[in-house]
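Each of the next two complexes has chain A plus one more chain, namely chain B in the first and chain C in the second.
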Partner chain A sequence: MSSEAIEIRGLVKQYGNIRALDGLNLTVPRGALAGFVGLNGAGKTTTLKILLQMACADEGAAHVFGLNTASRIDSLNIRRRTAFVPERKDLFPYMTIGEVIAFTKSFYPKWRSDLEKRYLKDFGLKYEQKIPQLSKGTLSKLHLLLAFSRGAELILLDEPTDGLDPLGVEVFLQALVGLVAEEGVTVFFSSHRLNEMEQVADYLCLIHKGRALLNGQLDDLKTACRRVVLVFGGDSSPLVREFAATGPVKQDGRTLTVLANGAVASVVERAKVFGATSVDIQQLSLREMFLELVKGDAQ
Partner chain B sequence: MIWRKSWWECRARVFWAAFAYVAVSCMALVFFSNPPTAKNALATWNLFSILLACFVTPIITVLLAGSGINSQTAWGMFQGFHASMYFLLSMPVSRRRALLVRSALGAIFTVLFVLLSIGTVALGVRLLGAGVPIARVFGSIPFMLIDAFGFYGLSTFLCILLDEFWAGMLGMGITGLLFGMEVGFWVLPIHFKPAQILSGELFLSTGVVGWPVIVFFLLMGVSFLAASVYLVERREY
Partner chain C sequence: MDFRLNPSSGVPIYLQLMEQIKHGIETAALQPGDQLPGIRKLAETVVMNPNTVAKAYRELEHEGYIEVRHGAGAFISTKLNTRKVHDRMDLVRPLIEKAVAQALKIGLSDEEIRRLVEAELLKPAAVGEGKR
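== the complex of A and B ==
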């Protein structure tokens, strides 16, 4: 049995002239609450679609619970164990909430009626409400109910909080933490709300231009990825090129700001050798980390 | 449950097909209400059966094939598929099964409406005493079903390939072309008049079975359905 819930190796996907995925490598361990972040068009939705065989990779391989997503039989088994909340959240327009629930329930023998009732109440949903009459936020809530109640081992969420009010977001975040802690579910969710993601995620995949820039335990990544502010007595220009290999570097007079991704100690050591008069190591929030890395990659 | 979902998607279309059926029934009654001579009645039957084979049946199949496995498509130019497809495709049901269940349900209703249409014609003939042998009316059933099967395959394929608006437009265009062939816009030999063969008229009046057309329509149904499954299974969403 694979220890990874998701394992992606060298995934390439081309849409015409656009290279959506460019050799993506990432893993998500079982039981992780993994955030999947990236700019619009970074390749997040394409990755999720490939995991569910809605799209096919041109190169590389993706496995869920050790099952090959490119195989039709494996894909059916993956979908039996997985719940998905898509980015576009329309549902069957001729059904009521009760009918959508009954329809979904019929495919999942491990359906959790207790969770269904809990989220109906928490999200303020009623069985008799008709789908076309639901707002965008209410549709998101219904999708979350359908995903959480399936008894799935893996939950894939694409912008799940889209349209949710603050209370809905709070219920969603609590539900995610509860599912991971109590049920051992693996969650892999993409979102642009980095502050909320930082509250709950313990694992992170940062994707940019179809490649993973970061992939690992969030705490480890935050420890490894620090902003180092160095002040020099003299000219520090020679160090700029050297540190550029570590991460983005910004020079402002005698001050050099380096994003040391996994190389804090060596940056500090080299700076001291070069005569740094002040060294300040700063911890970054997820949002700062994301912006620094993505901007740095763009430069 | 996938059957029930298919029924939910199909039910409005069944209503419109029923409307087409009622229209056919009314036409049948008008056609057969006052035939002055047996010869005229036969001519009326011929015209009516051609109308049934190359106009009403294709319309019913276009209606019932609907939007394939898609729940709904917006009417308009290339609106694409309804986003509920993502939800459906994330569920543990194969695309082939989803399409075949949906097609099977549409096909059942197509057969039902073809039989009802012919039954109504037979009843009209019987009640009104029109001079058409009743065996001739029922003899057209196998031909009409082959006709419906060919068109159903084509309609399903068009609904998978195009959005609903264009599938409907193209389906109607093909129907118009066929109808034009039959009513003599183009001078064609008898073996190239599919509706005369598929309505059973040729067989019942001359004893000739138009095998090429029958085989063509059978192949048309099988190949378009197979192509639809192939397309649905390989398509990216």
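== the complex of A and C ==
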């Protein structure tokens, strides 16, 4: 049995002349609440679709619970165990919330009526509300209820907080951490809200131009990734080239700013050899890490 | 006890939680034998990852601050000698007092002093890079 919930190796997906995935490698361990971040068009939705066989990869392999997403029989088992909330939240417009729930749960033998009742109350939903009359936020909450109540082992969420107000986001995050703590499910969710992601995620995948720039325990990534600000009296140009291999480097007059990903000690050591007059090591938030890495790569 | 975490400060959240529990012990807000909230309860109240709460509890247990009794929960260690922490703090307090007084005298601001201390703590030797 694989210990990883999701394991992706060398995934390539080409749409016409757009390379959506370009050799993507990533893993998500079981029981993780994993964030999936990246710019629009970085390949997040494509990746989620391949996991559910809604798209097929051109190269590479993706496994969920050790099952091959490209195999028809394996994929059926994956989809039995996986809930998905897509970015576009369409539901049958002529139904009420109660009818949508009754319709949905008839497909899932492991449906959890206890969770259904809890989220109905927590999310402030009522059975008799009609779908066309729901706000975007309420519709999102209904989708989350459907995904959370079906007894899935893996929950894939594509921009789940889209359309939620601040209170709605708080209730959603609370439900999410409760679900992970209580049911031991694995969650893999994409979002642009990096502060909220940082608050609840313990694992992170940062994807850019179809490749993973970061993939690991969030705490470890934050410990390894630091901004080092160096001041030099003399010429530091040779160091710029040297540090460029470590991460994005910015030279501004006497100041050299290096994003040292996993190499803080060696950067500091080299800077001292070159006679740095000031060494400042700064901690970065996820937002700062994201922007520095993505901007650095664009240059 | 009320925990306040700042996810965007750059400091890993499990370390922030550990620091606040230790601070609670040092100020006697938390006393030996006191029960800490369960992992799920704390995760939901503070809205943070349950695995991160578990990690903070594990580390605190490893450092001897708390005891985890199976089925019963996590408790502030009764074997904990808080005096020891106080003693060690008292040992360096005069040095810190002197350094801060000196810094203020030459016109550094509170914020600048804080930055100096934090920069010192972030140096690879203090961070123990690679260790964790």
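The definition used in the following text is that the second predicted complex is superposed on the first by the 299 of 299 C-alpha atoms of A that agree within 3 Å, B and C clash if a C-alpha of one lies under 4 Å from a C-alpha of the other, contacts with A are read in each partner's own complex, and residues count from 1 in each chain.
The definition used in the following text is that contacts are C-beta pairs under 8 Å (C-beta built on N, C-alpha and C of every residue); 3 or more make two chains touch, one makes a residue touch a chain.
Remember, it's a predicted structure, so these values are computed and weren't measured experimentally.
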| query | Which partner does A:Thr82 reach: the first (chain B), the second (chain C), both, or neither? | reply | first
| field | Partner chain in contact with A:Val177 - chain B first, chain C second, else both or neither | value | second
| task | Could you say whether A:Ala265 touches chain B, chain C, both of them, or neither, answering first, second, both or neither? | result | second
| said: Quick check for you: in the superposed arrangement, does A:Ala201 touch first (chain B), second (chain C), both or neither? | reply: second
| task | Could you look at A:Leu157 and tell me whether it touches chain B, chain C, both or neither (first, second, both, neither)? | result | neither
| task | Return first, second, both or neither, reflecting whether A:Gln283 touches chain B, chain C, both chains, or no partner chain. | result | second
| query | Considering the complex alone, what residue numbers of chain C touch chain A? | reply | 5, 7-15, 39-40, 43-44, 47-52, 55, 119, 122-124, 127, 129-130, 132
| Where on chain A does chain C make contact in their complex? | 31-33, 170, 173-174, 177-178, 180-182, 195, 198-202, 218-219, 222-223, 226, 264-265, 268, 280-288
| said: Which residues of chain A touch chain B once you look at their complex with the stated criterion? | reply: 49, 52-56, 72, 76-77, 79-80, 82-84, 86-95, 99, 102-104, 106-108, 143
| field | Of chain B, residues touching chain A in the complex | value | 1, 4-5, 8-9, 12, 71-72, 82-84, 86-87, 89-94, 233, 236-237
